[in-house]
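Shared between the two complexes below is chain A, which has chain B as its partner in the first and chain C in the second.
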Partner chain A sequence: MQEALATPLRHDDLQARVRSTLARLSQTGALPSLPAAASAALALARDPEADVDKLCRVIQTDVGLSARVLRVANSAALGRRNPARKLQEAVITVGLRKTCDIMVAACAKRLYEGATARAEELWNHSLAVAVAAEELARTTRRVEVGSAFLPGLFHDVGRVAFLLADETAAEVIEGLAADGDGAKSFLEREWYGFDHAEAGAILAEDWGLALELCDAIRWHHEPSEAGAARELATILNAADAVAYKLGAGATLEPPASVTTAHLELSPEDEASLLERVQAAWDAQRDLLG
Partner chain B sequence: MILIVEDNPVNAEMVRLSLERERYETLLAHDGEEALALLEQNPGVDLIITDVMMPNVGGLEMLERVRQRPEWKTLPVVVATSQANQATVRQAVSLHCKHFIVKPFTVQLLLQTVREAINQRGAVLEEKTRVLGRLGLDEAGYDQLALTFATFVHARVTALRELCEREEAPAEPDLAMRRDLTALEEGAALIGAARLANVLASLGIANGSLPVDALGGAYKALVAELDLVAGLLPAVKKRKRLVDDNPLDGETDDEEAAEGDAPTEPSAT
Partner chain C sequence: MSTVLTVDDSKVVRTMVTRHLQPYGCTIVEATNGQEGVDMARTHKPDLVLLDVTMPVMDGRQALGELRKDDATKGIPVIMLTAESGRDLVVEIAKLGVHGYIVKPFQQETFEKEVSKVLGAPAGAAAPAGATAVDPKAVLIVDDSEKVLAMAKAALEQTMTVLTATSGKDAIAQYAKAKPGVVVIDLVMPDMDGFATIAEIQKLGKSSCVALTVRGDASLHEKAKKAGYAAIVEKPFQAGELLEHVTQAASAGASPDDVLKDFVSEDGGCPVFSLPNQSSKLLIKLLPIFGKKLRSLAEDGNDKLIVDVAQLNELTSEHVAGLVRLLTEAGTLGIKTAICAPDALVTKLRQIAETKDAPYASTRDGARQSLQ
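Now for the complex of A and B:
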């Protein structure tokens, strides 16, 4: 029995507990971290004085990142007449914020690689949700388009943290959920004392994501609890459902808590949305390799 | 065999799956009361892993009742709790529990703690080379000692099993049985059957303090320990026969040597 669940923890205490538990469970004694280039990109994404030169200096530290940004700038979707040959030209074409998104996604992928086959499935799911969240933001205009990709990408990073910490526990929880012994979030709270959404929100906060985006991650299964981040949490929740519809779910069956119903899309709009998300997801997977 | 005492299905499944993957046999109880009943029915339990907070009888209350029984006094216990506060730790330590893990834990930590706790009981049979060094014996002397001890163990297993199978509760051991058990305790210590020696010592046979109402369980626990030792001793007997048949060939092949050297870690399966 989890004695600690008898009384709810204060937010600060819960944060401390998540951090200490994940660190204790990890083999290194440290929390999962993003590569330096991703942290720098996240900081630049929040910096109102960020400019192309600053961003290029960060990108140049990584040959793979430079190649990816050039590739996006020269893709048919952005319609340049002459191919961008310099990084500065590529960043201007892609846009500062979108370049940051690409950098973070490219770096975050490394967290999932080489861990387990399950982690790679979660990567595909996360990327699909990120792309779907961006597309839903554009379609519904409920939130700023630029704010949706990164929380979508990190919405399930708590699951990856659990998986990296202990594959057996993650497997047991999945098995019990599949056998109908409880929702995954409930089972996670039973074992860890918190669920993947809470863990993901705290990791994302540690990595430098804006607090409102972290709140959306925290409440992506219960958007009505998200306060100021409610709209974004609703978008993430719907994007999660879209990913399942595209065959990119985090589990075999979608959790009962994810739905596109709140967005009140017509069947035609939803079908068209699915097509656009599929195309964007394919393009992102191709770009990120 | 490992008894898991846990009311939370996620935690119970985590521990069960982790242990069974390592080929440990497990039993599951959902509270302390069920655990005590399972212990009665399964004298071969090598270790208890218990939660603290459970309905009906909690982990520490169960542990208190376990320690009141002579045959379970040395049974290793791992306390798995989500909050190891000082009072809990102090109470568990006073009940001879040395192993704690804080939930959630990794499989590696669980298995490491389980191995340490099981090893705490001592070897089923000490490695032959160590016994030779300790007693200053040669191989033939050791084989003779092992053969004598094996014969004695087989006889006691039979006698104790008969006692356990009686319909009435076994009576306090008579003088002959008490003398035999004392000799068994000395023999076990001599040949390096540390686990058996510990169980016998905890029964207090030598000083006559064995409580009458605990005899049934005590006999069953003894039989389980004697079975473990007896399972390893026939190899020694076989080796003795080979040496007798060919006195010039003191050394046998590697497989034979491996059979003679008993494992230091008891099997919990």
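Now for the complex of A and C:
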């Protein structure tokens, strides 16, 4: 497998290889895809012309989404005096961008559900990292608050793709990593020719996530390599570590590469951060049920 | 008991090989580079060597050369393991005499297909041939609505033999007689629903099943996939949509030879490969089969090939990538190719570096002549 490591591939070549390998391994010959409403929400999140009406039209195409957005709008956290009854009112209360986040999360959940127990654990982990990334963005002001949730949610989607493609291989790689035969990313590169962070970045790009957010996913285990996306990659890396601290890890032990150290938080700040993330995570889980 | 030697510098690969060899109940010995592999082949005299291409100390190509030089090891069957990027190299190595190659990462199914050629099917896996053989050209539609049956029949009857059943019970009886390659089943039916029906059909044979469901019920999709449905078509459906899913399901269940029949032919003594005018899934499935066919053509002494793309409505990037791969593989094997394509496609293909210099003709006759 040295050929995969020795010659760095051009981004296009690597992208083509990730796609063709994952497609070849999947039962259907197709790559994991997001439900249509989520793709539409992602597009709207990037659309400067997006407005409440446009968003409401998309929400209405998906059974269950309207109810969910209304639930968030009427949740205690947003403190409305009169409950929102119309979707339009709910979207205005929640905010355009946050509504997009909720839609994407609700739809993405289906990708993980029912696949395997591991996939469902990964969903829990992904949601915790999304919430933690948002909270870290707010606390540290290193990146715009609105930009952290979705890359957090999708940071490990490459692992889901690996799991959906071949559970045995995913299990073997985890076993070897736990036995000290190498870091998981290294073992993934040996087997697939690329690691889960690369695969996740490429899938997220296919799904319409902004390129800089995809770069943060690509480098979430090596933030110093992320170029322009370095701050966000650092946030994702730290959010990953926070998720582990809250017992929402993707494996039993956190990988050596994830840490909150780069953020230089005081022990008191970190303790209160963990509390806030725990509360936000509980609320999200409750919401997405 | 057979012995298999795995030669690969990656522990992940060796572990995966060991996992996938379990059903064969064989003894497994491992080596981490070519030199170790050659030494162990001499000591253990394995029944099969699984040999990685790129390794430190001595790579797979050199190791294969060593094995073939030595009288004690030259008869041992070798299957090469290669990374996706190393396929071209394998075609070259294949000339040194290997029994097959497996592209990494691989799944159980692909692995077993190659390995069973040497070791035979794993114990307990082989079902009697008659019990699972299905007719890839036939489809059975099961729905309690006569209207849906009529629509489905209209959509499919030009390309396949269509049978219909109005209940799960009726479907089982018809299935047992005709063994159609694809069964399209309505999930919601009185008495016996689509889930009970597929469970019975799976006991009788290995056909691909496509579920029919009412639009918008996402929970049913998951359940259907778990029950073993290969695809789900929502009602009301377009004729083309049903046809595409059924064709794909048919090719998924058919053996490579059955799939090939539609896309490999001969014209005036010259082999012809046709690219399918369907979604990329079929093309992705066909490419390795084309590759295999190419090698057997080369072994039989063929040095000409027509690639027919005349039936393509549009040229997708997958088609271009597939075509380039086919031409490259043919070139490596010393097979000359001509492309049969309408003018509009030729103009597009000439704009792409890899296909710009290929000989083109608008008819198969023309293509054949250009190869003379």
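We take it that the second predicted complex is superposed on the first by the 286 of 289 C-alpha atoms of A that agree within 3 Å, B and C clash if a C-alpha of one lies under 4 Å from a C-alpha of the other, contacts with A are read in each partner's own complex, and residues count from 1 in each chain.
Rule of thumb we're sticking to: a residue touches a chain if its C-beta (ideal position, glycine included) is under 8 Å from a C-beta of that chain, and two chains touch if they have at least 3 such contacts.
Since we're looking at a predicted model, the values are computed, not measured.
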| item | value |
| --- | --- |
| Clash or fit, chain B versus chain C on superposed chain A | clash |
| Touching partner for A:Trp219 - first (chain B), second (chain C), both, neither | neither |
| First (chain B), second (chain C), both or neither touched by A:Arg110 | second |
| Contacts of A:Trp281 with chain B and chain C, given as first, second, both or neither | neither |
| Per-residue touch tally on chain A - higher for chain B or for chain C | C |
| Partner chain in contact with A:Ala23 - chain B first, chain C second, else both or neither | second |
| First, second, both or neither for A:Leu187, with chain B first and chain C second | both |
| Partner chain(s) touched by A:Phe149 [first = chain B, second = chain C, both, neither] | neither |
| Segment of chain B that clashes with chain C, given the candidates 41-49, 149-157, 203-211 or 221-229 | 41-49 |
| Set intersection of chain A contacts, chain C complex versus chain B complex | 1-4, 21, 24-25, 165-166, 168-169, 172-173, 175-176, 181, 187, 190-193 |
| Chain C contact footprint on chain A (complex, rising order) | 1-4, 16-17, 20-21, 23-25, 27-30, 35, 63, 110, 113-114, 165-166, 168-169, 172-173, 175-176, 181-182, 187, 190-193 |
| Residue ranges of chain A in contact with chain B within the complex | 1-4, 21, 24-25, 165-166, 168-169, 171-173, 175-176, 181, 187, 190-193 |
| Touching residues on chain B, where the partner in the complex is chain A | 7-11, 13-14, 17-18, 21, 51-54, 81-83, 102-107 |
| List of chain C residues in touch with chain A within their complex | 8-13, 15-16, 19, 52, 54-56, 83-86, 103-105, 107-108, 216, 218, 222, 226, 230-231, 280-281, 284-285, 321 |
